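Read through the structure below, which is laid out as structure tokens, and then see the notes.
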Amino acid sequence: HLPLALIAGPCQMESRDHALETASALKEIAGRLGIGLVYKSSFDKANRTSANAARGIGLKEALPIFAEIRESLALPVLTDVHEIYQCAPVGEAVDVLQIPAFLCRQTDLLIAAAQTGKAVNVKKGQFLAPWDMANVVAKVIGAGNADVLVTERGASFGYNTLVSDMRALPVLAETGAPVIFDATHSVQQPGGKGSSSGGQREFVPVLSRAAVAVGVAGVFIETHPDPDNAPSDGPNMVPLDEMEALLRQLMAFDRLAKGGS
Amino acid sequence: HLPLALIAGPCQMESRDHALETASALKEIAGRLGIGLVYKSSFDKANRTSANAARGIGLKEALPIFAEIRESLALPVLTDVHEIYQCAPVGEAVDVLQIPAFLCRQTDLLIAAAQTGKAVNVKKGQFLAPWDMANVVAKVIGAGNADVLVTERGASFGYNTLVSDMRALPVLAETGAPVIFDATHSVQQPGGKGSSSGGQREFVPVLSRAAVAVGVAGVFIETHPDPDNAPSDGPNMVPLDEMEALLRQLMAFDRLAKGGS
Amino acid sequence: HLPLALIAGPCQMESRDHALETASALKEIAGRLGIGLVYKSSFDKANRTSANAARGIGLKEALPIFAEIRESLALPVLTDVHEIYQCAPVGEAVDVLQIPAFLCRQTDLLIAAAQTGKAVNVKKGQFLAPWDMANVVAKVIGAGNADVLVTERGASFGYNTLVSDMRALPVLAETGAPVIFDATHSVQQPGGKGSSSGGQREFVPVLSRAAVAVGVAGVFIETHPDPDNAPSDGPNMVPLDEMEALLRQLMAFDRLAKGGS
Amino acid sequence: HLPLALIAGPCQMESRDHALETASALKEIAGRLGIGLVYKSSFDKANRTSANAARGIGLKEALPIFAEIRESLALPVLTDVHEIYQCAPVGEAVDVLQIPAFLCRQTDLLIAAAQTGKAVNVKKGQFLAPWDMANVVAKVIGAGNADVLVTERGASFGYNTLVSDMRALPVLAETGAPVIFDATHSVQQPGGKGSSSGGQREFVPVLSRAAVAVGVAGVFIETHPDPDNAPSDGPNMVPLDEMEALLRQLMAFDRLAKGGS
């Protein structure tokens, strides 16, 4: 088993400066810890709770910034796609295309992402059982791309609440794809604040420790220098200055999980 | 309150002949019963459980058939869209554009559908609370189209199972949009058969009676002359020859619900 | 199918006067409507959220009052038992022994209730699937008492929330036992107010109409002259002065459900 | 934080010999590992799915056996009580009285258990939110006994399935009571086999590692020399000969969780 990898970054790309700063900061942390890092940011929040919420800087502005992060910082980058037409241009600019949870059953989007030849990270829908992801993975592989990852980010549990079923992690692993645990969306309270989603940031260390102890290939953690003033997902993002301590913990659990069993 | 309306048809458009036959048969039934009918069929099943499942005849072949049904049978027609680019051409050919449940939070798709000027029927995501649909309706209205309907089709309840919360119907009605109860998808067992979804056809009359007694603007019922051999959603579609008796029952409950309270 | 029956009364017996008044008032309403009535009240709320909450007047004080209601008003009465030793004395004083939902799997309590020879109404646990009640009914019948009823009162749905699955009603009917829909506990929000349970009284007519349209033997509705000042379950009880209109509606739906199908 | 403790034993007491053998075997394992052990066994399975299932040897036969285990093996013992009258005699014979999950809201049982002066371990109901246990703990403490533990054993998640919400563990800890994770009942599938409950033994290590990584005072693991032939809970018990390896793992995670954060 490879050691724990990290997918991290702010929920949405706010500006070139903001992106480069957060990427640099994360690169430094990852370097000190010796953890593999993929920088994550979204150019468009296409499914905000409310139409009035900020959506991000858009595809055209974002792609050169991703390119700059890859070149100047030598970091692999990940972003999510929502429409078929986005896959080809995004595929040229990033290392990993991510399929949002709500869209994990959209066959054409999965195939278009697969056909870029880049890695594809599919988030498991909140409405799916973990074993249902075998069909999703098969769609990507069937399109000629075996470089597929699957991400657990919580299952619907009553209204406005998710629950993280740790049994899902070994079930997802049976697909053969590396399993990522998304620690920040798993603590989302979808729609929980009326016109935006709430979140329970305090449970990020709880759930990520649990997932890493069970055994995962990586963790996905959204982080921000100032979550309370972030344009989206503030209630569930981890403050950037708490990341190093959290990761240090998770890496210790990962070593134990992968060495000891 | 207007009397109960009906949205009905086979899950997917199989051929011109099949579409015209089922539309004619439904038109006859609706005529005998005096119930308003919108013919529903999908040109593409874009989110099948498995990539190997049949997806339908496609946009180009379907639009002229919808046009023919509108003209020759004078029936309004409804179909679902999955991509922004589909909205304009589909909007010219049909009376109602439907947004699938998984896509009910995709802002751009909602806006593109709204901008056709045609009615937009949004299915509530299995992962949404009923009150969350207020934000969804606001997205459509905010795009300049007040002709929006909302459809209840079940909420996630553990794995591979949905539950129909009848409290959702009055909550959805508070959006101001007419509320439709989707009686056939509400009995789906998503992914319940491994590489396809199962269904509990026997509960369609149970749930639709309950919903109509609570009070809805319409019911959505997928039907097929031979569900067991249908290319999709067979386990939950109602046999065409059972539709008339079922509708007669529902109309009686509707009269009581709307007259008596 | 027999016409709809009614089990109704205040959640807890507060005093002799209160019991006789509510029983008289309900008897009058039932007489005007021609609906069969069983008077319900609890002598002890044995599982209050908080130990500080009022529990009721107790077994010894309650039994003579139940006897008085039976004799002076000629009403059958129902109360719930929580301990084996209560079954025999309660069985002599009432017509129906009720097993609370939390206790529906306690074999000895079911058997002790069955052995009184009186009717036994078992509430389905919030943690049980409807088909699991077949085993519960078998426990009562196996103890020599075939006079058993089953009551739907909601299933756990995330935290502090219940959902009423209308499919449960025909599944419960397959046990052969008459099925009762408990319209007031189904709208409870267990523990939802911290040290007491919340409730959504406004959904009682919604859920009870749905259940009666599906088809049930009876409805269970807790009612109180002044729910907002009741010692327990106030948020979900129906004001006594709204009962007649509600029941009139439900009886119309019941006639349609039982005549028309 | 004290190191991880273990509550373990066969689901039900089958005979004196069986009890002494399993207790000895567990004592040897615990001694080798240096983990504190409480021996658990039930004298009566009072809430079996079916009335025909074996219930255990009963209170009278069991108490001397518990006494013998305490004396000859110097092990503290735990058993569960279902009726008020059982609390006093059981309290004299054992070290910890356990309140079953279904009964966790029965005020009188909690108080009777508390009044024995022995430790009381309350299992959280499958129908309760973790924060609801604050009221339960207050009932025990209010009866004069501060020696109360709380146990997580899964929450209802659709029908016949439980889910373990790891966020529950820190929430339960806020009650001030030591938190136990019941790894074998958390993988139960209640009623999942028709007339008995199913279970997913393979997930015991998964969920227990997760819980210990989050941080708990102890784990509760039912074990049996031959689970497939055990009279109850076979599908979820851990084979006795796998316990040592499992515990070794859990103790390593516990040291990391308690030392490293």
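Note that the chains are named A, B, C and D in the order they appear, and that numbering of residues resets to 1 at the start of each chain.
The rule is simple: a residue touches a chain if its C-beta (ideal position, glycine included) is under 8 Å from a C-beta of that chain, and two chains touch if they have at least 3 such contacts.
Keep in mind that this is a model prediction, so the values were computed, not measured.
Chain D is reached from chain A by a rotation of 180°, derived from superposing Cα atoms (nearest 5).
By the residue-number overlap criterion, the interface of chain A with chain B counts as same, with over half of its numbers used by both chains. For this pair, chain A with chain D, the centres built from the Cα atoms lie 37 Å apart.
Averaging Cα coordinates per chain places chain A and chain B 33 Å apart. Chain centres here are Cα means. That of chain A falls 48 Å from that of chain C.
Within chain D, the positions touching two or more other chains are listed as 155, 157, 159, 163.
Against chain D, in their complex, chain B makes its touches with residues 157-159, 161, 163. Looking at the complex, you find that chain C touches chain B at residues 155, 157, 163-167, 169-170, 187, 200, 203, 206-207, 209-214, 249, 252-253, 256-257, 260-261. Within the complex formed with chain D, the residues of chain C that make contact are 46-52, 55, 82-85, 102-103, 105-108, 110-111, 125-132, 135, 138-139, 142-143, 155-156, 159-160, 190-191, 195.
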